[in-house]
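Two complexes, one shared chain (subunit A), two partners (subunit B, subunit C).
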Partner chain A sequence: MAAPIAIHLEFGGGAELLFNGVKEHHVTLPSQSEPWDVKQLLVWIQRNLLKERPELFVQGDSVRPGILVLINDADWELMGELDYQLQDQDNIVFISTLHGG
Partner chain B sequence: MCQVDEDYQDGLERAEVPSVSKKCVKCKEASAAVVIRAGDTYCRGCFKEYFIHKFRAMLGKNRIIFPGEKVLLAVSGGPSSCSMLSQVQEGLSQNAHKKLRFLPGIVYIDEGGAVGQSVEERQRTVAELQAVFKATGFPFHMVPLEEVLDLPSSVVVMAPSPSEPPASAYKAAVDHFIQSDSSGCLTPQYQEQTLLPEVQESRTQVLQQLIGSAKTLTARQDLLNTLRQHLLVHTARTKGYSKLMLGDNCTRLAVKLLTSLSLGRGAQLAQDTGFSDSRYGDIILVRPMRDYSAKEIAYYNYMFNVTSVFIPSLDTKTTDKASIQRLTESFVTKLQADFPSTVSTIYRTSEKLQTACRSSCTADHPDRCLLCMCALDTAVENASAFQATLTSEQLSQSKSLGATRTEIPRQIRAPVEQCCSSGGGEDCGRAETGGDCCSSAKEPETIDLKSLLCYSCQLTIKDMASVEHLPQYILSEAQKRQRRYQMREEISEFLLDDGDEGD
Partner chain C sequence: MAQEVCSLKAQLKEQEKEIAALKKKLSQLEKSHTSALELHDKVRPLTPLKAKLALSNEDIMRYSRQLLLPELGVQGQLNLSKTSVLVVGCGGLGCPLAQYLAAAGIGRLGLLDYDEVELSNLHRQVLHGEENQGQAKALSAANAARRLNSTVECIPYHLQLSSENALQLIQQYDIVADCSDNVPTRYLVNDACVLSGKPLVSASALRMEGQLTVYNYSGGPCYRCLYPVPPPPETVTNCSDGGVLGVVPGIMGCFQALEVIKIASGQGSSCSQQLVMFDAQDARFRSIKLRPKQAGCAVCGENPSVTKLVDYESFCGSAATDKCRKLNLLPRDQRITVQDYQSIMDKAVPHLLLDVRPLVEVEICHLPFSLNIPLSSLEERKTEHIQLFQERISQLKQQMAGDCRPPVYVICKLGNDSQKAVQVLEKMSGSEVDSIMVKDICGGLMAWAQKIDPTFPQY
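Let's turn to the complex of A and B:
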């Protein structure tokens, strides 16, 4: 079993509007048999944080095109994107680059 | 039991997270933080250098802004224009030979009234941005969009451009500037602080009526863009600036380019998306951010704490199919995700575009669209797609309307008092020859707005329930032009026509 992990989530560029306008979230992901990856995190966010219009945040099992992701201040493309395995105290940032958020 | 390396993981410092494996392609030492294009991975430091260099290179290459020139930065609060502002600050703080040498000012157009924000929300946004602007030390102007209702009609008239300086003048000006450069002369002498003027509720309502009279989101967005640009140009003119810097980035321009095509603005593409745009004559629009992608800007702003303020727009929280602009954006961002290089191809195409100059634009004052100020693209030969569209439209209408030529949406009744009370004896006198202005109180003059617009702006106006809500400066300029055309027509048989000689 992987222990529960605490991570820091940040939403910007208008993406925060889908989360009641709250930009920063400190969350704890419950323990589960597999280690958490970003793909599972997106599902968790959809179920637990997202307040409205999931189609404006996720598409398929990834983020909507035009929403950028940083993992610990680095482009998630360098980190394995959806397959990146989350560690305790990770910092994940979602920035919308779409016009009007 | 499955976590053998647990202790090892805990011992690591955060900076050494092993999954960042790739090195920076530039310095080949630091680990990469940003992927700019496939294969181009930069570390934090090199990314910053690359970003700053690109801005200066863009301005240096184009040599369009002269040392000591007053340049107005249009800052909407969004990431792109805030990034532009920070680059100008960065450029002014560089040492002598790398330094930017113009005098910046900032303008912010508060569109809260058009998108339905409350007065409190608008004030909060303005206060937030004001703090950012104050910190720059540049003069700034906060202008509510409601002021567009009171613009003079000269806004939609092309002003004569100052005589073009010879190419050698740029270098001479730079040399002169470097010699006389005492850093003091760049810092603005005075701090002009324009707080957002009080906006009457009734003005906001008039503005909302105007925007609301457009029936589709596509037309509303187009109309808002037009009004915003008029107000920006007017602000630049009245405050003594000769260049207007816009924050359009490459992603935005790719969207704009494809949107323009779908909206029938093919003829205006080059001006709508190019580095510099001289459609207003005296005020040149400049787009120094056009080499940056939205991604680069978002990453730079995040990593180097460039403040931007989220401001809702007409398309906030709308779906992909809400408007042509939105749909195009979603197409481009999906393209960017799946085929990253295609977006820059789209926008590089725009660099190669040039509007073919027809005989009418060789004249000193070619006819220009009343709204977007581009040369009219509607005076084309009979065998064009435009004429074909017109013909089929007329045919379908003549069926349904029984051959009446009046079309309600394009013909409007201009407020009569405007014409006479405008006081200019010249106006009334001129009208008397043609339209019998002063006695027209019973039978108001109608304006055929359509003939004064380019094809694309005609489509936007067609989507409006009524053009009566258009601001007065547009309507009175329309009236003026209409009369001028009527006059030209009346005297046309007395003019020598050089086209007839062949027969």
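Let's turn to the complex of A and C:
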């Protein structure tokens, strides 16, 4: 059994509007048999934080195009994307790309 | 006698000085007057930018405060003067960018925008003035930049960048700055920069946030490496919908100017493979390390599938402007015009007017007697709002005696959200609330202001 882990979630670039405008969330992911990865985190976010209009945040089992995921201040592509195993105190940021000028 | 000679000589000297000053003033005026800027409505070949061999005394005085920096120095200044920069979009980002590039002594400044200056631009597009309303933004920006520094060659382009003209245009410049306001243009500019090997200094801003990255530079990723698939159009918010605090694109445009100047002068940018994010609410900048150039990228990868410019509007499923789209979700019989609604008001037909805009917009302006329930509250079925709506329907039913389906007219700013709200209310009618007859008012409050009540504010 993997112990529960506390992580820090952040939403920006407008993605926070899907979460009642709240940018920062300190959450604890419950204990489960396997270690938590980002793919499972996305499912957890959908069930626990995102109540409405999931299509504006996820597409299939990943985030929708136009949202950049950062794990501890680095592009998630450098960290293994959906397969990255979450560690206690990790900082995960979801940034919606801006296009205005 | 000798005293008189002396005094006359002094007077003469004084007069000569004055004449010299007047001559200088005249020649400056003539220079700026005779070379009135010519607005380009299509892409034409430019003469190559000549490299300066040395700085003139005037250059030395003008740029002295930056020449003193060892990071720039004389060589950096000469490098700036032989660099041409294309600014795509003369709006909230492009104005401060062009301003600082002109002030710093860039050689040539291409200023592109298809749009004209409007009053609602002025809070952030700071090169344009009240007297420039209706004028091409490119021309207004070029004139303002030239007032700042007449030694900079400014070329205004009043045209829409397209797959047909982008390569020809971008090939003529050394550095491109993306200051555009829509997704198709961002992909178009990226691809054209990759295909012609130009560094792309890209920024964007919305509400209270900004982002900046330098693409296709010193082996780093391009825009497509990061965003291989465009976002669904309904997830994209523009400045006229979402709003923007003017100083936010101002800060990001200045940041772009900084990176352009660093590249042009030879210092190099540190923003390749980096995303700089600015949060104006928390007054915080953050720099994030991005993925490297992707081998599988469709345009800059090892086996690119995009080898010439494509149709970006169809690739992105949206138009290359930030003007609001007009949705058509409802059949004709579920929509009324503002003229229809005026006659309903005039005849005092019992009805409910439902305004579905967010509260912040209702506070700007609203029609009297309207009930405000934001579209998001309807979509989320917010209990207190649904109760309030039901109460008003019940009151209306009592007034109407006999007639069983009370009419509800839904209004918003432009007539898009009101159609979505009609769809939601249709589903609720007869189950979650009493049965109602619900229609939207075409064109919304802006149509009301344009066609019925000219004193009603537009925003």
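The rule is simple: the second predicted complex is superposed on the first by the 97 of 101 C-alpha atoms of A that agree within 3 Å, B and C clash if a C-alpha of one lies under 4 Å from a C-alpha of the other, contacts with A are read in each partner's own complex, and residues count from 1 in each chain.
What we mean here is this: a contact is a pair of C-beta atoms (placed from the backbone, for glycine too) under 8 Å apart; a residue touches a chain by one contact, two chains touch by 3 or more.
Model, not experiment: these values are computed from the prediction.
K.L.:
Give one word, clash or fit, describing how subunit B and subunit C relate on subunit A after superposing.
P.N.:
By the criteria stated at the top, subunit C and subunit B clash after superposition.
K.L.:
Determine, under the contact definition given at the top, whether A:A2 touches first (subunit B), second (subunit C), both, or neither.
P.N.:
first
K.L.:
After lining up the shared chain so the two structures overlap, which partner does A:D61 touch, if you call subunit B first and subunit C second: first, second, both or neither?
P.N.:
Neither: A:D61 stays clear of subunit B and subunit C.
K.L.:
Does subunit B (first) or subunit C (second) touch A:A74, or do both, or does neither?
P.N.:
Both partners, subunit B and subunit C.
K.L.:
May I ask you to decide whether A:Q87 touches subunit B, subunit C, both, or neither, giving the answer as first, second, both or neither?
P.N.:
First partner only, subunit B.
K.L.:
Would you find which stretch of subunit C runs into subunit B in the superposed arrangement, from 25-33, 331-339, 367-375 or 439-447?
P.N.:
The listed stretch with clashing C-alpha atoms is 439-447.
K.L.:
Identify the residues of subunit A that lie in both the subunit B contact region and the subunit C contact region.
P.N.:
12-14, 53, 55-56, 65-66, 68, 70, 73-75, 77-78, 95, 97-101
K.L.:
Report the residues of subunit C in contact with subunit A in the complex, numbered from low to high.
P.N.:
Its residues touching subunit A are 89, 91-94, 178-183, 186, 203-207, 209-211, 226-232, 234-239, 242, 244, 249, 275, 277, 279, 286, 288-291, 322, 379-380.
K.L.:
Which bits of subunit A are touching subunit C when the two form their complex?
P.N.:
Result: residues 12-14, 51-53, 55-56, 64-68, 70, 73-75, 77-78, 95-101 of subunit A touch subunit C.
K.L.:
Subunit A touches which residues of subunit B in the complex?
P.N.:
Subunit B reaches subunit A through residues 3, 9, 14, 17, 19-22, 31-35, 41, 44, 79, 251-252, 255, 294-295, 297-299, 302-303, 310, 312-319, 325-326, 329-330, 333-334, 336-337.
K.L.:
Give the list of subunit A residues in touch with subunit B in this complex.
P.N.:
It comes out as residues 2, 12-14, 16-17, 53, 55-56, 65-66, 68, 70, 72-75, 77-80, 84, 87, 89, 93, 95, 97-101.
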